[in-house]
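Same chain, two partners: chain A is paired with chain B first, then with chain C.
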Partner chain A sequence: MKRLLRHFHGGLRLPEHKKISMQELISEAPIPPRLILPLQQHIGEPAESLVSIGERVLKGQMIAEAKSFVSVPVHASTSGRIICIENRPIPHPSGLNAPCIILEADGKDETIDMQAHDYHHMEPAELRHLLRDAGIVGLGGAGFPSFIKLNPGPGNRVNTLLLNGAECEPYITCDAMLMQQRPHEIIKGLLVMKQALQAEHCIIAVEDNKRLAYTTLVNALEEHQPHKIEIIQVPTLYPTGGEKQLIKVVTGVEVPANNRPVNVGIVCHNVATAAAVYDATQGQPLISRVVTVTGDAVKHPRNLQVRFGTPFRFLLDQCGFDERAEIDLIMGGPLMGFKIADQQVPVIKTSNCVLSLKREPRRPAMPCIRCADCVLVCPVQLLPQQLYWYARAQDFDRIQDYHLFDCIECGACAYVCPSHIPLVNYYRFAKTEIWAQEEEKKKADLARQRHEFRQYRLERGKKENEERRQRKKELLKKTGNKSDDRDAQKTAIEAAMARVQARRAEQEQQRKNTDNLNLAQKKVIEEIEARRKKTND
Partner chain B sequence: MFEAIFVLTALAIAFGLLLGYSAIRFKVKGDPVTDKIDAILPQTQCGQCGYAGCRPYAEAIANGEADINQCPPGGKVVIQALADLLGRDPVPLNEENGQHAEKTIVHIDEQLCIGCTLCIQACPVDAILGAAKQMHTIIDSECTGCNLCIAPCPVDCIYIVPVKRDISQWRWPRPETELEKPEADKS
Partner chain C sequence: MNPGISSSPFLNSGNSVPRIMLWVLLALIPGMLAHIYFFGWGLLINLGIAIPTALASEALMLRLRQRPIKPFLSDYSAILTATLLAIALPPLAPWWLAFIGTAFAIIIAKQLYGGLGYNPFNPAMVGYAMLLIAFPREMTTWLPAQSHHMAFMDSLRYSLFEVLPSGHNIDSISMATPMDIVKTRLGLNMTIDEINAQFHNLFGMLGGRGWEWVNLMFLLGGMLLIFIRVISWHIPVAVIGSLFSCALVFQLADIDAHASPLFHLFSGATMLGAFFIATDPISAATTLRGRLYYGAGIGIFTYIIRTWGGYPDGFAFAVLLMNMAVPTIDYYTQPRVFGHQDD
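After this line comes the complex of A and B, so read on.
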């Protein structure tokens, strides 16, 4: 049966630059002397360190655990010693530092005891638990913990499990190479995911510029029949690899704004994630991934299986990096990736591509001429120029009326803009500003609440004091001069005195520090006691 | 003619009663404008505006006693929001009240603290933890940066520190382009 494919709005045909990194098969990258493992390599909360400095760890050992729900653990990429836990630059657009575990490799690459699981007979919840413990996150780029996406949630039924092999961004070829070389793992991983989701059928979507990947997968699938898996080719168009875009192309379903695909019965995962899921069922946690090292400044662009924590610079040097070239180092593709300032940042779970592009003089931005080219290419059917105006004017209410948060930041609008306006950066700026304002608002509300409560507490304290005084006054008035009360008071005082006497005597008895004294000392003490008695009398 | 007078009088009385009843029945407690203004103010409770806190300042604005430009922690953003709410023109911040600055919090040097509780009494949001003759400390997440605790401290052990920003709070900067130059902004 031939599936009828749809189109999403807009999109772009881009120069691919993919062949240059597909000349060689994926090879294992050497292990660097020191690995830098950030505690946060995914969307959500950072993991918390489990190791201490100086501790020896084995490859695959969990070195940081997930404490909150949206989080996954981190595992040691090789065997070695933990030399420190400190803030280091991580691959992030901010260029800021974040807590990392630094592991000194001992070169032995000793593994923990990895046991394959009999996943065929595991409950979906058990499978998700297994995948969480293996540290698996989406390897397509965003890095959302996979076990959450593999939970349809109450009331949702998953009809279609879609495996995303589109890889639409120029230069990046890690998924294509993976599909060519490890089709069986991908298909087996897909079946595990299907089991976890209780999905009805599965589709693997591959862009039609990856012929070899497609035919390899189709051939591999023959061995896995009679599972219902469909492999289809989708037209090459940027950004087909976007989750909602791919769903539209393959199934014709448009995922509504502010909804997740699972709400319409579809779940989408990356092909590399599927392979990682298979590895996890074989007992191997996520400790490495395929990374495309390519661009203008590397002599041998290719795909490498890289351990997490490998510094970018180490990786580039493996591929003949030209140190003197004037380049911008980018993690990800040329459109959605971001610049990396420090070449020592490590490869993390979301690093699909290390791209070095010749630094070109920045084209000066010109005023918007309202040509509406951006509107034509926007895959989400937004009005990029309106968004731009409001972002520039910092009118954050109006910009949300124009659905800023539906923007997937694919960069198509900025790519076609004849005025070279960095449109996406304006949207990113607006998004983070809005989040910050919301955060501030929450804090202000909390402060107001605390202030009002304090006000109330002080008021209440005053009132209570006043009441207590009043009560005492009245009590005094009522009982002030009665003689029997006097007697009662007297007996109470006497009783208290007797108690004090008794306690003193007891203390006297307990005083033991005079036991081992010589005669002279005892004599002095006796004299003092006599004097005290005299004065007391 | 008498019928007309009678009918009109009856109508007037009926409507008068209806209005009178609805005025009681649907009475709005408090001043909603004050609430709206209070919601915009940053709730630092610092008193730089000349009032005892954000709520009193909001009341003063609502009563027309205070201008909208007396809140230094809120700065331009708050003035703009107040102007939008009240239908006034935005005015620059009143310098007499202070300068707008990035948010800070305070930090107690616990080695020097003598446990006098004076700062606890000064804190408008109960963000200081401690007891008499016990070490005091600031709860960072609750501190609004009003600096009201600094003056009462007898041993000067409270310092202003910048708010720690980690990656999760990082914001994308406004793009630097030729369009952002002041002369371009004017056009």
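After this line comes the complex of A and C, so read on.
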């Protein structure tokens, strides 16, 4: 059956630059002397360290555990000694440092006892647990913990499990090479995922510029029948690899804004994640991945199987890095990747590509001439020039009316912009400003609520006091009216006066500081008292 | 905020503002050659005045506004404005017509609004409309389309000193445009056939002798621009489609009193306007649907002004009127965003 493919709006045909890194098969990268393992290599909460300094760990041993739900553990990529746990630069757009476990490799690469699981007979929940413990996250680039995406959630039925082999960004070839070299693992991993999701059928989508990957998968699939897996070629068009774009192309379904694909019965995973899932069922946690090391500043661009924690610079040197070149070091592709300032940052679970481009002088931005080339290419059908206009004017209400938060930051608009305006920068700026403002607003709201509650409490106290006084007054009035017994009142008054007298006398007594006096003094006092009495009388 | 710090994307298509402007200028050449062939050297002289005026005005204003001069002078946008205006001017015109028009276009219509990218009105059309209102006689003195015309030096002399070669006077050599003739004669209750007979096959094959060739050449250049994706098809198709439809409807209603759709398409400024003026991105609508409305509006207004208005050709005014409508059009024609319902 031939599947009818749809289109998303816009898109770009880009120069591919893929062949240069596909000349060799994937090879194992050497293990560097020191590995830097960030506690957070995924979306969510960081893992928490389980090791102490000086401890010896084995390859595959869990060295940091997931404490909160949206988190996965980290495993040692090789055997060696933990030498410190400290903040180091990590591959993140912020360029900030984050806690990392530093592992000194001992060169033995001794492994823990890895046992294959009989996954065919495991319950979906058990499978998810297994995959979580293996530290598996989406390897396409976002790094969301896979076990969560393998849970349809209550009330959701998964109709289609879509495996994303589009790999639409220029330069990156790690998925293509993986499909060419490990098709069986991908298919087996896909079946595990299918089992975890209880999905009805599976599709593997490959862009039609990867013919070899496609035919390899098709041939491999013949050995796996009668499973219902469809392998289809989709047109090469950036950004087909975007999750919602690919779903639209393959199934025709447009995932509604603010919804996840699972809400429409579709779950999408990356092909590399599928292979990692299969490895996990064989007992091997996620400790390495295929990384494309490419760009015009390396002499031998290629794909390497890299242990997590390997510094970028170490990889570049493996591939004939031209040290003197002025380069932009990028993690990810040239359209959605981000710049790396420190060449010592480590490869982490989301590092699909280490791209080194010789730096070109940046052309200055000209004013927007409203040519609307960006409108033509935007895959989300936004009006990028309007967004730019309002971002520049910092009109954050209007920019949200123009659906800023539907922007997937694919960079197609900035790619075609004849005025060389860094459009995506403006959108990121607007998004962070809006988030900051919302945070501020939340804080202000909280403060205001507190203040209002305090006002309310004070008012209430006042009111209660008032009421109490009122009640007493009334009570007093009532009792006053009731008792006609004037004698009783009289005695009460007399009693009170007597009490007052007594207290006064007592005070008088106390006022005399007449303790510890000698006889002469006492005598003088007595005389004075006698005189006073006389005059009083 | 500092958008200069580089973040993705790290690739660029290599397109640029100067490249776009340069291609538009190149695509104008066939039409300009036809114009020179039929109407003489006047266009070259007008260009010779308009382009330096535009560059000087632009430089002066950039300096006054304390903006960098070099990148904006070398983006060809001022040259394009000057060129479009020069093409729209009569070939036999005094020098100050091009000078005043261009200076007004660049200084008032472009730079005072903020320069490149910020002008809500098409500068060349603002210049043209100002000249047409201020100097109607000079602006409507056209030459008949013919292949033998005044020598270059004679044209230049007229431009500079308004002196014609001996034995000529302006009334003997000038002639109203076919558009103008049709308008005035229809106003005198003549039929289209009578006009054509009186003026010895005024209409040519399509839309007026000479004029139809100029229009065809601009059509050719415009097709080139669409083919290399410098402009999109939306605006030209909408302009031509709506103008054609209007003309067709009224011609069908009364064939004697209305010029044919083909006359409307291949006479006057239609092709130049549809492909080179209405498509000026800065002053046009930006949404795809909006561009269709924008183009259609220009076509309709052009027809209305040509048929019932006070000026023989209404393209400049039609463009300016629709320029005013652009913010509204853009607002109401926003596309449906991915994953959202139509609203």
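Brief remarks follow.
The rule we apply is simple: the second predicted complex is superposed on the first by the 444 of 537 C-alpha atoms of A that agree within 3 Å, B and C clash if a C-alpha of one lies under 4 Å from a C-alpha of the other, contacts with A are read in each partner's own complex, and residues count from 1 in each chain.
One rule holds in what follows: a residue touches a chain if its C-beta (ideal position, glycine included) is under 8 Å from a C-beta of that chain, and two chains touch if they have at least 3 such contacts.
Small disclaimer: the values here were computed from a predicted structure and weren't measured.
Once the two complexes are laid over each other on the shared chain, residue contacts for A:141 go to neither chain B nor chain C. When the two complexes are overlaid on their common chain A, residue A:406 makes contact with chain C while staying clear of chain B. Of the two partner chains, chain C is the only one touched by A:337; chain B is not. Of the two partner chains, chain B is the only one touched by A:454; chain C is not. When the shared chain is aligned, chain B comes close enough to touch A:444, but chain C does not.
In the superposed model, A:436 lies in contact with chain B only, and not with chain C. Once the two complexes are laid over each other on the shared chain, residue contacts for A:92 go to chain B alone; chain C is not touched. Counting the residues of chain A touched by each of chain B and chain C gives the higher count for C. Touch criterion met: A:357 reaches chain C, while chain B stays clear of it.
For the contact definition in use here, the residues of chain A common to its chain B contact set and its chain C contact set are 93, 364-367, 421-422, 425-426, 428-429. Here chain A touches chain B in the complex through residues 40, 90, 92-94, 96, 98, 364-367, 392, 421-422, 425-426, 428-429, 431-433, 435-436, 439-440, 443-448, 450-454, going by the rule given at the top. Touching chain C in their complex are the following residues of chain A: 8-9, 14-15, 93, 170, 244, 248, 254-259, 328, 330, 332, 334-339, 357, 362-373, 375-376, 379-383, 385-386, 402-403, 406, 409, 411, 414-422, 424-426, 428-429. Residues of chain C touching chain A in their complex: 1, 3-13, 15-17, 19-20, 71, 75, 115-118, 232, 281-282, 284, 286-288, 291, 330, 334-341. For chain B in complex with chain A, the touching residues are 38, 41-45, 53-55, 124-127, 142, 144, 166-167, 169-175, 177-179, 184.
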